[in-house]
Each structure stands twice: as structure tokens, then as C-alpha cells.
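Here the structure comes first, spelled out in C-alpha cells, and everything after it is commentary.
Order of writing sets the labels: A, B, C and D. Residues in every chain begin at 1.
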Amino acid sequence: MYFGSDNQSGASHKVLEALINANQGISASYGEDEWSQKAVEIVRTIFEHPDCQVFFVASGTAANCLALSSMVKPWQTILCHQQAHIAMDESTAPEFFTGGARLVTLDAGKGRLTATTLSSYLDRQALHIPHNPVPGALSITQANEAGQVYSVQEITELAQLAHAKGLKLHMDGARFSNAVASTGASPAEMTWRAGVDVLCLGASKNGCLAAEMVIFFDSALAEGFEFRRKRTGHLLSKGRLLGAQVEAWFADGHWLKLAKHANEMAMRLVEGLSVLDGVDIVWPVDANELFLMLPKDKVHYLQSQGAVFYDWDDTTLPADYVVKETHQFVRMVTSFATTQSEVDQFISLLR
Amino acid sequence: MYFGSDNQSGASHKVLEALINANQGISASYGEDEWSQKAVEIVRTIFEHPDCQVFFVASGTAANCLALSSMVKPWQTILCHQQAHIAMDESTAPEFFTGGARLVTLDAGKGRLTATTLSSYLDRQALHIPHNPVPGALSITQANEAGQVYSVQEITELAQLAHAKGLKLHMDGARFSNAVASTGASPAEMTWRAGVDVLCLGASKNGCLAAEMVIFFDSALAEGFEFRRKRTGHLLSKGRLLGAQVEAWFADGHWLKLAKHANEMAMRLVEGLSVLDGVDIVWPVDANELFLMLPKDKVHYLQSQGAVFYDWDDTTLPADYVVKETHQFVRMVTSFATTQSEVDQFISLLR
Amino acid sequence: MYFGSDNQSGASHKVLEALINANQGISASYGEDEWSQKAVEIVRTIFEHPDCQVFFVASGTAANCLALSSMVKPWQTILCHQQAHIAMDESTAPEFFTGGARLVTLDAGKGRLTATTLSSYLDRQALHIPHNPVPGALSITQANEAGQVYSVQEITELAQLAHAKGLKLHMDGARFSNAVASTGASPAEMTWRAGVDVLCLGASKNGCLAAEMVIFFDSALAEGFEFRRKRTGHLLSKGRLLGAQVEAWFADGHWLKLAKHANEMAMRLVEGLSVLDGVDIVWPVDANELFLMLPKDKVHYLQSQGAVFYDWDDTTLPADYVVKETHQFVRMVTSFATTQSEVDQFISLLR
Amino acid sequence: MYFGSDNQSGASHKVLEALINANQGISASYGEDEWSQKAVEIVRTIFEHPDCQVFFVASGTAANCLALSSMVKPWQTILCHQQAHIAMDESTAPEFFTGGARLVTLDAGKGRLTATTLSSYLDRQALHIPHNPVPGALSITQANEAGQVYSVQEITELAQLAHAKGLKLHMDGARFSNAVASTGASPAEMTWRAGVDVLCLGASKNGCLAAEMVIFFDSALAEGFEFRRKRTGHLLSKGRLLGAQVEAWFADGHWLKLAKHANEMAMRLVEGLSVLDGVDIVWPVDANELFLMLPKDKVHYLQSQGAVFYDWDDTTLPADYVVKETHQFVRMVTSFATTQSEVDQFISLLR
């Protein structure tokens, strides 16, 4: 019963098979290989955007921070939700890659960034140039750190507010496939058609071993990116490692099948949990993450029975949430590898 | 009637005279001159700390950020009040100088950083290494951005909390002389005896043209500082410019006389303003800055009569402050150059 | 007949098999997995150094530059041979990772860095502090960019000169296994026993898909490395990808078997080529790289027959080498995947 | 008899007087003051370029490195002469300000950078993108580190070569006034009309206490400069300090009178020295610096009599220069403050 994280499994069977097949023979290095070239074309097709610029790297932090370094000047700020992965879990990589731009975190009280919050922040920026740092980009996470998915409408509103003030819009899509699977919106609708300038699309959490994409819908922002990737050590010599994973991941809708399964396992958990006394599902579950209040004795019992899930930080709760001493705030994550029987066993133990 | 800022005057008469005298003759460059050497000794005497390491630079941003770069690793955070000058008014210099350390701002709701706020923040840092940025330093401003002065007791408490968690304590002393003049505490009591590791002492706002000091009470932190200063372009070739100002500024208590005057002018304003209807002095006035709510018609009238002071940012008000539509939030600053007649004229116009 | 580069093959059969096996099941992320833990232990055993600190990353540029960033201050220089990979082929990654340290390239005229050259450079550094950049580290490549291997004696001499002046010694071991296979010196003899402080050991060119190690023999230098790796985006979430490769690569001397084969193929080429008229083997062939002058018509003929190898930069020739207009300078590289029949076919075509 | 450096005097009488006058009264801070505004206009007039963008800072390292950071990307290189001040005497400031661009030094053997050397370097750059750093700017010093002045013709040729390959041309004009005084070329002819994109014009060595200018003839390069200056701590609060110096320095040709005097004193030294046995003037003396071989006994005698000048680094000699054991290589510098009697006394002692 593993609900610890979606980066604790290996690759999906299909992705692994692709890696095995790609292992044969000689091919050009540094991303000039045939797999990488094909993978770029697949991305362009799936996003219905023949001109988007696509780059592969091996880690999500690299993808996010390389993207951001292409979007802001070092004297600008990057606005994001207070629980954003770039703010909480990537050390000071955003500052390092951008040459010292600043993260400004918004909206501690809610699980998602709202147009109202953004608008209110931007409106009260009476900038005293060059003393005050200047907003340069907005970054949102899809699906986000509270397990929620922004609707196309919400993204559009945020994009319009951002663009009106000259900010670029970055989307951290570490769980983008879960968001697409959840809403049914097309990849294009959820990104560039809604105003996203750069998407970091993560495959590692959903079926790959290590494969992340930086997709520039605004090609001008991609200028110099090949140098950025190289000088940060993120251009792998054997590009087939990334290209083969990505190609297989997208082929025949594999990525969405994996994501759909993960989401369904999460919903099955929700259904099982929501009827139980003493369990509070803190945030709406839109994708493959659940944030719960569980009775502490239940937590200990479940863990003693082999269930894996993690305590979560109280400071990420809604601002007005009253924590009971008897309860523990926990996060559960499902993945493509989660089985129905794991879910059912968990629920039955909890009953 | 100039109450715009304390950096809008030239040097005091004595400091200017020192510059004129120091202009003669040949002397070693790059801070090896006799004036700089003497100035270092004066600092050591005044702070009763014969081993402190002292460096001169020409700007407050340089002093603060060079100091911080000596105190934190690039993967650490610098905690400060939300209105701190380093957070609001130094662009992204802290990130640039430190190689990408992060500022974390605390306590929007109050005009000063309290031990409670700091303690509460530090306690809830359940660090997931190496993902989360790690607190590395605390920075406080003395006198601070709300015109308030931390007592020796408060500094001691903050220092103890900081040191207990391995943080270094930085003091931005752009208006340190005003704080010393206000409290009567000795420079040593207000700094290293209370736990301050590095003080940035500003003379530019209080009688000099451009002279700021970085004073390391913890000499180990000063290792490499001469390289830091050089490679950031802050080692001036004609060091006498800085050394002569500093020497004259400290001589015969000149610095405190200037600061005392500025503070007295501020208190004279407070006395005159506090009896007037419709005027609200928002924060206690401990030094040479006043933050006021003035009726808008009065503001316009005063400005039409030649009074200079600036509208201030509402977001720096106490969290629960209710702003009246009829009023304007303003800042007034006095300096060594403020005259009693300017103050009296201002008050009489406001009556 | 592929002699283009040793990064144009996939993984060896054994390494691929290990990846397949490691794909199963749940394991901790971010390098806490069992494969990574075992791989660290194998490194310690092979290097006979139970306390060395070992970190895995996916690219050689990342390994080298992360290592260097742990070894020098930003105001120091890194000395290296003019043809060093860090100077020629890693963009400005050394500057980026180190926060702006400077590369100083030595000895254009020879294929290897000599103690005489180093000594002469260090002796004439009359440092005017803090104006001049200060030597902080020496970096050598083993096997180096001219296909040569430093003897243990040479390394020891360079290390002694470096250490005597306070420099740390870095070894870029992208082809370290070829060097070990070539000399028969033990890994320990060739590194820490000779004075190497930090080794970057590359497995990607010799049987892995993407696996590089940073090995600190001086543990003090490793302080903070986990933060450095994270904030540069080089901590992979699914650490098994790296750990499994490394473990299998070292197991049962697999790494040396692969390297030995590559070296033997290079020697077979040398033997075949050295008896041919009009062919000049420019540098001694110690490992798996050959640098040759070939008649231009032969070059064209070989390439038309499917032989792959690259023109090489004339500026890397010995200083006094006279290039004939009829000849082309080329590089040939053998790898674990090079077959004897490829070599023999190449030689017979050239006859 | 001071010939140590041109940064060991104070300000000229006129510049000091201007500082005294500018000390009175209230004025806007951060460069918005009237003196700074006027100084910008004077620069535009003197350079016959009404649109050039002009910024003031207090140190030459800051001027040079801020300028360069506006001219190159962090993955580019800056080409310069091996003895360039930016390469020898500014620590690793170029790397720091540019975010890690690389200095590439050319032409060790000669006292000036020639079009042939530049052309030869640029021609052999067979760039393997993105692996190799890419030339982004050329920096020349006028007058240069060997005391020589580039002719307008030479600058034009270097500019054309640079621009043809997409490089920007930077001029380090720490002794620009000496060069103008020496050649009689107008400031415009020697800079933008010859192809210089950005000039760093130093006044500190020639009559000011601390005043350096960054002058963008290509205004597009100045975009964001105000942020760069602020976040590096180089925006002084009391801008009058810089503005007043610059204004007075340029007024009535004062800057050229000072430079002309310094140059004349250097020529007087040359005339006196050139007739003496055992003295070799190594480089042509075009401005205010002399590089000499003096008999060692003469050196000791002169210094014992109070003459100040410095031993110089043998590695900066012409490549084929044979140093006699009996002689010492020294540098002598004249300045606006050098007197005829100092020169004559020096010569007579040497006879």
C-alpha cells in the first residue's frame, strides 16, 4: 500500500521497453539522436503547435528553473503560490538559474492562486524604479501542490492579468498529465490557447524514469536555451535516454492512460474515505493527490500494517483551518503503479 | 521645509572640511591610505572591540549585501521583516551578492520583528534536506523601516533565538547613529554584546556624502571579504574619500551630535503634530522618521507651501489599520540638516 | 566503422540488464534508494577509501563543475590544460557553477600538463591581493584530451606542486576507466594516494547511459554538496536510474573489462596504422583515443565507405607541428562497443 | 618624486571646488540631482552624440564590468589583451557581473592588440554549439596597459572585425583623457565613429576623487542598466558626489588640460631618460605611463632618494625581450599632479 509519492516507482512497462529498444546501435549524441528528434515532433503534434520549441532534461527542478531563467531578468520577481514546488522544494535553484531573480509567494490561505489575489498584488505594486524588484513572471502548478487542477477559464484569467502587466506565464506541469486526464481539456487548450508561455511537462512522476520537457510556445523566449541547458550541465551526452522515454510515453495516448489510472485510484480512495467518520478531506481531489486529516490512532495502525504515506506540513492548511489534537494531517499520492487492491486494502483497514 | 529623505543633503560642515584637508598630497591607494587606517582604529575604539574587522564602501546596498554574502551559503535563507530595506529597496542585490540565497520576509502586520514571530517561524521549519532552503541569517534594521528602535533586550532575544538555530545576526544600521542617540545604549551594547555578528553602519544619511561601514564582530566571517569587495567593484582606488569622511564623522562624537539633532527635530514634529485634530502618528517615533496619517487637504496645502514629504505605501500599515478615505499616509524624515524653523513653519502651517 | 565518439552507443548489456531489474517495485526517491546506497559502498571498496563521499549525477559537465564549485572560491582560478574539456567543451559551466571563478589555461604546446609548466606558472604569480585572481585548484584530465594517460608519478608531482601553493587537485575522469585499464595502477594509487582531492568518474562513455560520480577523498570539501546538487537541478527523483547503472558497472570488474576492450581496439588501430605510409599518429596512444594526420584523399575515401570519425582542431596540435596541405587532422575514438571487425575493415580500407 | 600611480593624488583644485559648491542645499537623491543631469548633457555634447546613454559610478571595475554585463550573454566570451586591466586587476569581477561569461586573453607577446591577432583568433573559431563558449565582445583599453594609444584607424579595424562576427566593442577608458590629449582625435572620432559600442570613461585617475562613466553609444545595450547598477550596489544615494565632479571635470576643457599636463610630464621623462646609458624604454610612450629597464643600482639609489615607482611584472615584456640580470623592469606613471621639478629632480639623480 504505497501512497508515499509518485516518484517511487520505476518506469512503465512500455517506457522501459522503449529504453531497451533504444539501447541498440550508434546514434548522434547531445540530443541529435533520432529518438529525441521524433519526441520533439510528437510534442508539437500533441500540443497542436508546430513551432513550439521543445527541450528535454532529466529533472523537474532543472526544467522549471531553466524555463524561468529564460523568462525573467535577474532584477525581476517570479510570483507563485506560497506552496509552489519552486518555492518549497527546489532549494534556491530558481535564484541560481535566473542569476538572482526573486520568488514572491502569494496567497498562503488558499490551496490555489486566484485571479483576485494576483490582481490585488499587481495593483498595489507602486514601483519605485530601480529600487523595487519588478514582477516578471507568474508561475502556476498544474495539477497544483494542493492536488487541485486549474480550469482553462482560471488559467485564461490569470494569463490575461499577467500579460496585461508584462509578466510571462510559466506552468509547472510536473503532474500536467493528471490535470489533462482530469479535465478533458486538450493540452493546447490548457496551455498556449489559455495564455501559457512556457510549460514544463514532467513525465518522471507518471511512467518515466527521468524525463522532463521544457516547451516554449513563445519561441522568442527559447533564444539561447541550448546554451543555458549546456552550461547548467543538463545536456545529456546520450540523448536517446530522454528521447526514447518521451516518445514512448506519448505514443498511443500512453501518458494519459497512466494518468487516468492514477486519478481513478485517487478517486477510489476519496470515495472510500469520504464515508468514514473522523476523516476530513481537506482540499478537493482533482488529480492524484489527497490531503487528509486522519485520526492519529488510525495513522499509526495503517502504517503498522504497511501503508506508506507522509505527514504533511500544517502550515499548508487553509488559513482558518482548526487542527484537532487527535488528528494528523497527511498526504497520499497515487500513481500509474498504484493497484486497485492497494486502495481497497487501505480502505478496509481504515474501516 | 524638507522632510523627504535624509539622503537629500550634502555632507556636514566638519565632514566636508575633512574631505578638503584629505585632498592634499600623495597617499597609497585602495584603502591603504592613512585616513582609512585611522578610521578603522576609531571604529574599533568606539565599539570597544579591538579585533573587529572593518571595511568601507560607498553605498548602503553594497554594505548590506556584501555583509550578507559573507554570512550565508547560497542555499540558505535570510530572514527579515517584510518592510526591510534589503527586501524592498535594494532590487535583487541580496540574491546577486550571495550567489542566490533567498530572502524570507516575516511579520507583515507589525512595525518591528518580534521574538515571538521569529520563534514561531523557526519552530515550524521541519526541514526536508536538501529540498527546502535553510535559514542562515537574520537581518534586522536599527533604527528600522517603521522609524522604531530595537532595545538591547529585544536584540539580545532575537540574537539568542537566531544563534540557537545556527543563524547569524546581521544589523542594517543605515540609521544606527539615530538609534544610538535615541536609546543611550553604547555602540557595543547595541551590537556585539547583544549578539550582533555583523553591523552595516551607514554614515551617508547622517552627515557624510557616501560612507558606509561593514563591521565584523565575528572575524571569521570576514575571511575573503577583501576579495568580495574588490570583485563587486566596491574597492575605491582613492580610499581617502571614504577614510577621511569616516574619521571626521566619528571624531569628537560628531556622528551622535548630528543624529541627536535629527532625532530632536523629529520629536519636535511629534510634539507639534500630536495635539492636532485629524493627525494620526501611526508608529511610535523613536528616531528620525515619522509615519503619519494626514488629512488630504492638509497634505495638498502643505505641499503647495513648499513642504516636501512623500506619500507612503499603505501596505506597510499595521495589519488591522483602517484607512480613512479622507486621509493620506505619509512619511516625514528629519536629518542633521533639518532646522528648527523648518519644523516650526510646518507645524504652524498645519494648524 | 564507428570511431566518432564514445558517447554514441547505448549501455552495455550488463548495465542495461541492471536497469531493467531495478525498474521493479517501490523505492525511496532522491538517492535514498537501495541501488544508490550499494553503489556508494562499491565505490568506497574499489577506491579502498571507506570515508570518501560519493555523489551521482547524470552528466559529466555537472560532475566536473559541481566538484569545482566545492573546491574554489569565486575569486580564485582553476588551472588546467588549454585543451581541457572544462575549458573547451562545457560552455561557461565552470564559471556558472563556481559563482564566477576563472579558468586559466596552461601549456598550449604540449598534449599534457607538465610539472615544469605548472611550476613555472605558479612561481611567477606575484599576487597583488585582492586585485589579481588567486590560483585555487588544478584540474587534470585522466585519460586526457590528447588521449594520454598521466602516470602515478606525474600525478604525484603535480599534486605536490599544487598542494604546496594551497591549490586543490581535481581529476576529470570522463575516461578514468581507460586510464586505469591502460596503466594497471589501482584506482586508489591513481587518485587519492597520489594526491587527488576530488575525482569525477565518468561511466557514460564506457558502458552506461548516463552515470557520473563525484568522489571526494577530502571529505571536508563535500560539505554542502547535497545542497549544491539539488539547487543545480542535478538530484534526480528516481535515484535508482543512476544507482543501478553504477552498481552493475563496477560489479565483477565490468567497468575495466569494457575499458580494456576499448583500449585494445585503439591499440589494434595503432598497430594497423603505424605501418602505413602517409599516416602520422600525432600523440602517443595511451587509452581509447587516436589523433592522426591522414591524407585527405584517404579521409574522403574512408568516409565514403561508411567510416565515421571527426576532423579535429589544428590548434590542438603540438606547437611546432607543421601541417601538410595534403593531410587532415582527425580524431578516432574506440569504445566498449567497437568491434574487431570494424577496426580490421578500417585498416584494410586504408591500405 | 611620485611616479607610483595616477590614483595616489586627490582631486584637482577645480574638481574639489565643485564638490564644495555642490555640498550645499537639498537635492534629489539617486542620480536625479541637477549636477548629474547636467553632467549627462555635457557628456552628450562632448561626444557629439545627443542620444548616448550615460551612467555614473564610483569605481573603474564597476564601470567596466557593468558595461560588459550589458554586452554579453553569460555563455559568451570577452576577448581582450593578455595584460588588460579587466583580466589582470579586477579579480573575477568580469565573471561576477556577467553571470559567468569568460575572459579570453589574446596576444601575450605584444603591447597592443592587433587586427591580425584578432582576425586570426576569430577565424579559427570553428564553433561547436552549444559546447564551446562563443565570442561576444572585444574589449580594448585606451590608453592601454603598456602605455600605448590605439589610433582611430586601429580602433576602426578592430571594430570592423568584431562587428563582422557579431561581437560588441567595449573600450576601457580609465586613461581615455590621456589618449585624447595624446592623439588630438576628438572623443567622437576615437569612440562611436570608429565603432566603439560602449565606453567606460574614467575621471578618477585624472583629477577626480571617484568618478567613472559608462557611455552607451548603442542605446539598446543600455536597457536594464539602471537595474544592473542598483542591484550591484553602485547607485549612490547622494548622486551629487559623482555629478558635480564630472561636470567640473569636463567644463572648459579641464579634463584635457589635466591629461595634457600628465602626458607632457611623461614626455619630459622620456626625453631625459632616453639619452642615458643603461636605460631602455621598453614600449613607446604615448600617454602618461613609462615602462623601463633601469640598472638595479640606479633603482635602489633613486628609491633611497625618495623616488616612488614600482617594479613591474616581467611576463608583460615583449615575448622576445631578453632581461639582463643587472636590470630591473619598472613602471613610472605621471599624473595631473606631477610637477616639472619632480621630473627634473628624477632625471638629474639618474645622471
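Please note the rule applied: a residue touches a chain if its C-beta (ideal position, glycine included) is under 8 Å from a C-beta of that chain, and two chains touch if they have at least 3 such contacts.
Fair warning: this is a prediction, and the values are worked out from it, not measured in the lab.
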Item to complete: If you tally contacting C-beta pairs, which comes out ahead, B-D or B-C? Let me know.
Response: B-D
Worksheet item: From the centre of subunit A, which chain's CA centre is farthest?
Response: D
Practice prompt. Could you give the separation in Å between the centres of subunit B and subunit C, each centre being the mean of its C-alpha atoms?
Written response: 51
Worksheet entry | Centroid spacing, where centroids are CA-atom means, of subunit B and subunit D in whole angstrom | 35
Worksheet item: Which residue numbers or ranges of subunit B touch two or more of the other chains?
Response: 74-75, 90-92, 96, 99-100, 130-131, 227, 230-231, 235
Fill in: subunit B residues within the subunit A interface of the complex
74-77, 88-92, 95-96, 99-103, 124, 126, 128, 130-133, 313-315
Worksheet entry | Residue ranges of subunit B touching subunit D (in the complex, touch as defined) | 2, 4-5, 7-11, 16, 19-20, 22-29, 57-63, 65-66, 90-93, 96-97, 204-205, 209-210, 227, 230-238, 240-241, 308, 337
Worksheet item: Given the complex with subunit D, which residues does subunit A contribute to the contact?
Response: 30, 73-75, 99-100, 129-131, 134, 224, 226-231, 235
